[in-house]
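Naming follows writing order (A, B, C and D), and every chain is counted from residue 1.
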Amino acid sequence: MRSPIPDYLAEALSHVVSNTSGAPAGYIPELATADPRCLAAVFATVDGEVYGAGDVDAPFTIQSISKPFVYALALADRGFDAVLDKVGVEPSGEAFNEISLEDGTGRPLNPMINAGAITAHSLTGAEGIDPAGRMARVVGGLSAFAGRRLETDESVWASEMEHAHRNLAIGHMLRSHDILTDDPHTVVEGYIRQCSLLVSARDLAVMAATLANGGVNPCSGERVVLAPVVRQVLSVMSTCGMYDAAGDWATQVGIPAKSGVAGGLIGALPGQIGIATFSPRLDPHGNSVRGVSLFERFSSDMGLHLMEVPPAARAVVRSNHVVGTGPDAVRVLQLQGGIRFAGGERVVREAVETLGAEPRVALDLTMVSSVDDVARRMLLEVARRLTLEGHDVYLVDPDSMLPDPDPGDGGRVIVVADLDTLDPQRLPST
Amino acid sequence: MRSPIPDYLAEALSHVVSNTSGAPAGYIPELATADPRCLAAVFATVDGEVYGAGDVDAPFTIQSISKPFVYALALADRGFDAVLDKVGVEPSGEAFNEISLEDGTGRPLNPMINAGAITAHSLTGAEGIDPAGRMARVVGGLSAFAGRRLETDESVWASEMEHAHRNLAIGHMLRSHDILTDDPHTVVEGYIRQCSLLVSARDLAVMAATLANGGVNPCSGERVVLAPVVRQVLSVMSTCGMYDAAGDWATQVGIPAKSGVAGGLIGALPGQIGIATFSPRLDPHGNSVRGVSLFERFSSDMGLHLMEVPPAARAVVRSNHVVGTGPDAVRVLQLQGGIRFAGGERVVREAVETLGAEPRVALDLTMVSSVDDVARRMLLEVARRLTLEGHDVYLVDPDSMLPDPDPGDGGRVIVVADLDTLDPQRLPST
Amino acid sequence: MRSPIPDYLAEALSHVVSNTSGAPAGYIPELATADPRCLAAVFATVDGEVYGAGDVDAPFTIQSISKPFVYALALADRGFDAVLDKVGVEPSGEAFNEISLEDGTGRPLNPMINAGAITAHSLTGAEGIDPAGRMARVVGGLSAFAGRRLETDESVWASEMEHAHRNLAIGHMLRSHDILTDDPHTVVEGYIRQCSLLVSARDLAVMAATLANGGVNPCSGERVVLAPVVRQVLSVMSTCGMYDAAGDWATQVGIPAKSGVAGGLIGALPGQIGIATFSPRLDPHGNSVRGVSLFERFSSDMGLHLMEVPPAARAVVRSNHVVGTGPDAVRVLQLQGGIRFAGGERVVREAVETLGAEPRVALDLTMVSSVDDVARRMLLEVARRLTLEGHDVYLVDPDSMLPDPDPGDGGRVIVVADLDTLDPQRLPST
Amino acid sequence: MRSPIPDYLAEALSHVVSNTSGAPAGYIPELATADPRCLAAVFATVDGEVYGAGDVDAPFTIQSISKPFVYALALADRGFDAVLDKVGVEPSGEAFNEISLEDGTGRPLNPMINAGAITAHSLTGAEGIDPAGRMARVVGGLSAFAGRRLETDESVWASEMEHAHRNLAIGHMLRSHDILTDDPHTVVEGYIRQCSLLVSARDLAVMAATLANGGVNPCSGERVVLAPVVRQVLSVMSTCGMYDAAGDWATQVGIPAKSGVAGGLIGALPGQIGIATFSPRLDPHGNSVRGVSLFERFSSDMGLHLMEVPPAARAVVRSNHVVGTGPDAVRVLQLQGGIRFAGGERVVREAVETLGAEPRVALDLTMVSSVDDVARRMLLEVARRLTLEGHDVYLVDPDSMLPDPDPGDGGRVIVVADLDTLDPQRLPST
């Protein structure tokens, strides 16, 4: 059988290929001469499968799409406090190249506008690192997100340096507020080099999937940054990633995203997927015309909108029944599916309402597909309270969905591999 | 057993009760005299369970928390186009009472600032409805969200009308741009009446849960608005709900939310939970001090942040094995857990890689807990492609997780209740 | 002989008559239907002569040209402090209908924008005056500036009231900041009535001449306001009168001015002239196209620019000679022309350098055309110092250019009608 | 006799010496260590007399006071169009270091803010001049205004260069908009050198007096710039010179002015006086505290406010009488004082009303102190019209107040030295 996903992607491209509105970025000749016909879309799953259609390996410069990843590196290298001291997280409602510094402090409003991204660049690497070391860290970090060594497009870099006056202005302004502490020319030079790294749509999809996967590159298996960093980065992408079109994007697409002036566009949906598109023609907001169109389609076709209420799941409590009788009776709660807070609450409720008569209680996790941290704590608290009320509590957990369960504080659970183990003859005496 | 959830809520309240910073809203005497000691927190699940601690039934005026719900009513009553023509969706980065009209058109930037909320109020009910009818629609609609009949606090209303000059200014400004088409005084009067409806923290949690539940009140079972309306409302809450603290909230709490000047605060996490808190002392942004603190704790304790990457789920393909041999051989893919796009992709991949040899293929959904729309379409497409390649395709689906399956276009599936049915003797001839 | 001034005005009109760019104000039908061909220019001198060309008596509504005059009335009625507390004097660099309130206080930035003008209207008459009384004061005051009873155009007034939402918005906003203390509807109604007063270009020229003449209507002779009020009003006109074209006007025309949306435009040059033009077609700033063109011509042709350095005057000391000899010798300083600070300084210098030998000193003012206050004080100080050094000091002042001269503090002057009086035989003994 | 003017200045200083509020500019150590006790006030008249009190020769850096003078040089060197293309004339209502560029074009709003001043600096000298040549032009030009060779304070310059990031930011921003066309670092370096020139209060007063004197240094006699340049510069100083306190200054002081961060402050009143003060402590607007206080006193004491209505002058027509009878009768208009437009109009009116019967008319200018250009043209037009009506027209003008009078177009005047010349026997036959 042939996978329908590449077919779906190819079909999606066919719907936008005729849209030739917009124009490649024109501020430097190297971007203006980009082939406007280029078109690609790539999905990368959180377990490392990559699907693509179109010019998935065509190289182009990453530009502003580097911003969330370098922000992630800065958070990882310097810690949240040091970075938040220097770059805010508030949407500016303004275009990408607005200066948007906070009154008084001069702190850039967020790391997705140039001022914030330049500052984030300056915060990568250890404090006091020299420019070469910082650049090595940035290239190395972005390469880790992509899963392959990225290279600079030297001609784009040189060309952008010649037209870097606005960014140099921003750099000096930041230096005047002590937001930058190094020479602003050096920092801006590094920032532009960061923006001039060559990527393909395939690379960008893997980079996005690394965010969607909580910081671990799903192809290489490398942990690039920790989960709290990813949460911060995705949050900022969701409110600030699309500049002055943030509200439109949030309502119509609903996927944390970032666009680049060379025509790239990425989206990352936590736990699900990284998406990238490439098409150089831009709309007046500076976002790829066809890229935006593709993302709208993907979001709608695939229910990827963050605010999509997920389908009502089958009840997490699959059955609640008693096995055996008298002192051997075991109350069994058979659970199923993924359990997060809402599922945990349902188990708690079932326990409150029905448990009590039988001396033994089993929580059967055999059909459970996932348990998040809060649900784990809720299940253990149920076990603890039942223990204190005099019950023996069993976890039927052949696949260790709840590893090393310890209810603490007077609670106790007995882990068993299957219900049959609860046969009275075979149970340990309590 | 006693549920640990109320205990958790009570403990959470105990952590914030000593924080007496901030002050009740002072712009009208009726709000200034609110009892600053009041404190409550309520959870309402999407299946209608309500947990609370503190003053869960203390009445207070809903104020700005009415905004997302009335926006929902406007969208429902007039349609998306008519409402979007008059109210934008872009964050303003400004305080709640900023005028923030779009240059030229005079369109309020979003429905969470007063200008947009007044406009949304004017767009409830059918076009041409009289003020009494519009008011009845608003009160009725909000009551449906809450699941009980809400009443106006007449003294707050009268007092706010006396201090309504800023809102009247906004009303006239909107009228001058033809954003309002009715008499601005009448509209503002209605808007203030909407804000003066009395609610409790319990009511607000149910209202929030109605959003989290896709528009159906989980207690009354009434569908109040359709799912696309809810998605729009939650999107706007996520970017514009917390005014000029939107970025802080998005990174630190990550739950679509809305606060009111009387001390209420709600959050709605799609598919999971509605949360409400009540404490009248406000911070300089106009948000309840203890409410913000409680939400930060809830988000952190319970992993409710929208950008939290969910725990790695057990593989959606529980097993892939062949039953029988020769022409009777059946390739069985046993699926489990909740299946959305990412899970669907995994099934597709498994099918592409392993199916082919056996003439019969069974997708076993017995242990599947949910299937969303895109996953449903992907499973059916797998079935269709397999049919076209000459396979017989079976769905083992005793609980109708995939009701009325029709792959279309040459595809065919045979629904069976269990694997045993696939015994060759009992199968229909193909 | 026929005066060349009407010829000059007629010729100036002939230069602009072919310019049909711009359009009458369109926000209410009554203004949109103004005859765009109307054209007039009027000069009124500070001694009451009026020259005109074109439709000098065509009636139109005064609109914003009422603003400086009503500001003058407010200053006169309530005093500077009370008015400055409520309305600032800073240019806003914004269009006329911008709200432009000071952050925090809500004080309108200046009295030439609507917010400030509405506030100034509310500050006319004694504190606590009722609306009818206030209106009577405004109409009476403007009529005094014009020298005839002005009447309201009731149809314009009614039409503007129907489209007054922006001004009502401003009124409510001002009320919300307690800048207005009365009902904002009543104040805005009065303000619009003020703007609907009918004037002709002739009236406006006389009104402007009243400002140029220090507050005394040069035709009627009535003192309408005191000189310090006029100075304040002209200062504010010079920085804020032309909205967002203030800088262009200041450099190219250099005459304190104010325009109205019905097509009027006035300028007042202190001590020299009031000018008015009328032509309904407006430029994008809301100023009369031909009016601006006429003022540019007048300023350039007539050297009326405030920053025009005046021609080098003939030395204020016409001659410095000694009459008589010995103890009868009189040192005579014959002065001439207008004496202000610079002229006074010249006299002082001459006195310091040359006086001393002769016991008697005469300051001959016969040919002096004006002496301002500081020059008067300087001349008297010279007299005082000479007295203290033992001189007899005479003022030859047949026309009382220096009435009641009293050098004070040991000084003494003897006023005589002509130099001959200084004949030693006829002098009083000292 | 001793001049009272230095006494007056000393007394004015004594009134402000106890005011120790404010602080020297602190952004570079060299300014922060200025002696805050320094205090000086200097008047320079348009005929070159200089009066001072206090530390009139203490050196300090000129800072922003260089802005109007360098703007003058740019206008002189490149012409109005070239300069206005790059720098506007609109007040910004903002602080001195605001960027305040026009939307879209990036044109600085005016030459008194840093962005405009940096641009003006770049426009001095001929197009294409090298940086050294430009610097020489600036230093030479400012020295010509001061009447002596000015030198750079190298330590202030070096220190400011180290803290020049905000100005460098502005420079790069201007370069990015092609407002600057040279290397922004070089331009900013030159600009800061311009600001680091050392001046004394005495120098500044002479520089201001050069403006007040229409562009001719009254001490050296050198014409530094032409009159239209001065008019432009004074206009811009009057609307933009005092930053965000422009309106306060315009109403309370009413003298075109400019302040510098080292504590200098100048004012120039066209045709009258240049004033400078020096005191390093600054108010929050960045203006010298005592300097502002001194200017308020000078303006008030000396009636120097631009909007001060000058004293009613003695009638410009001193007498109107007939000498002789019959065909020998001469109608004599004896004029006096300074004649500008208003005076010219008075003469015209007198001519219209009374001339006609007598065949000969004499305009006696013996007692006239000045005649400006428009008045000259009006007098000649009277003469022309009288000629055409058959009169002989005489100008009694012993001191050539109206040199080379030519009414043109059929007019004719006969210049005579005194009235006696009109004795019929001695008149030329007509």
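One rule holds for everything that comes next: a residue touches a chain if its C-beta (ideal position, glycine included) is under 8 Å from a C-beta of that chain, and two chains touch if they have at least 3 such contacts.
By chain, UniProt protein names: A, B, C, D = Glutaminase.
Quick caveat: nothing in here was measured; it's all calculated off a predicted structure.
Taking the mean Cα position of each chain as its centre, C sits at the greatest distance from chain A.
The centroid of the Cα atoms in chain A and the matching centroid in chain B are 21 Å apart. Rounded to whole angstrom units, the spacing between the C-alpha centres of chain B and chain C is 64. Averaging C-alpha coordinates per chain places the centre of chain A 68 Å away from that of chain C.
Across the assembly, chain D contributes no residue that touches 2 or more other chains. Taken as a contact graph, the chains are arranged in a single closed ring, with each chain touching exactly two others.
Contact residues of chain C toward chain D in the complex are 1-5, 43, 45-47, 49, 88-93, 109-110, 212-214, 227, 230-232, 234-236, 238-240, 244-248, 250-251, 254, 256, 270-273, 301-314, 316, 336-338, 340-342, 345-346, 348-349, 351-352, 355-356, 367-374, 378, 381-382, 385-386, 389, 399, 401. Chain C contributes residues 99, 163, 165-166, 168-173, 175-176, 184 to its touches with chain B in the complex.
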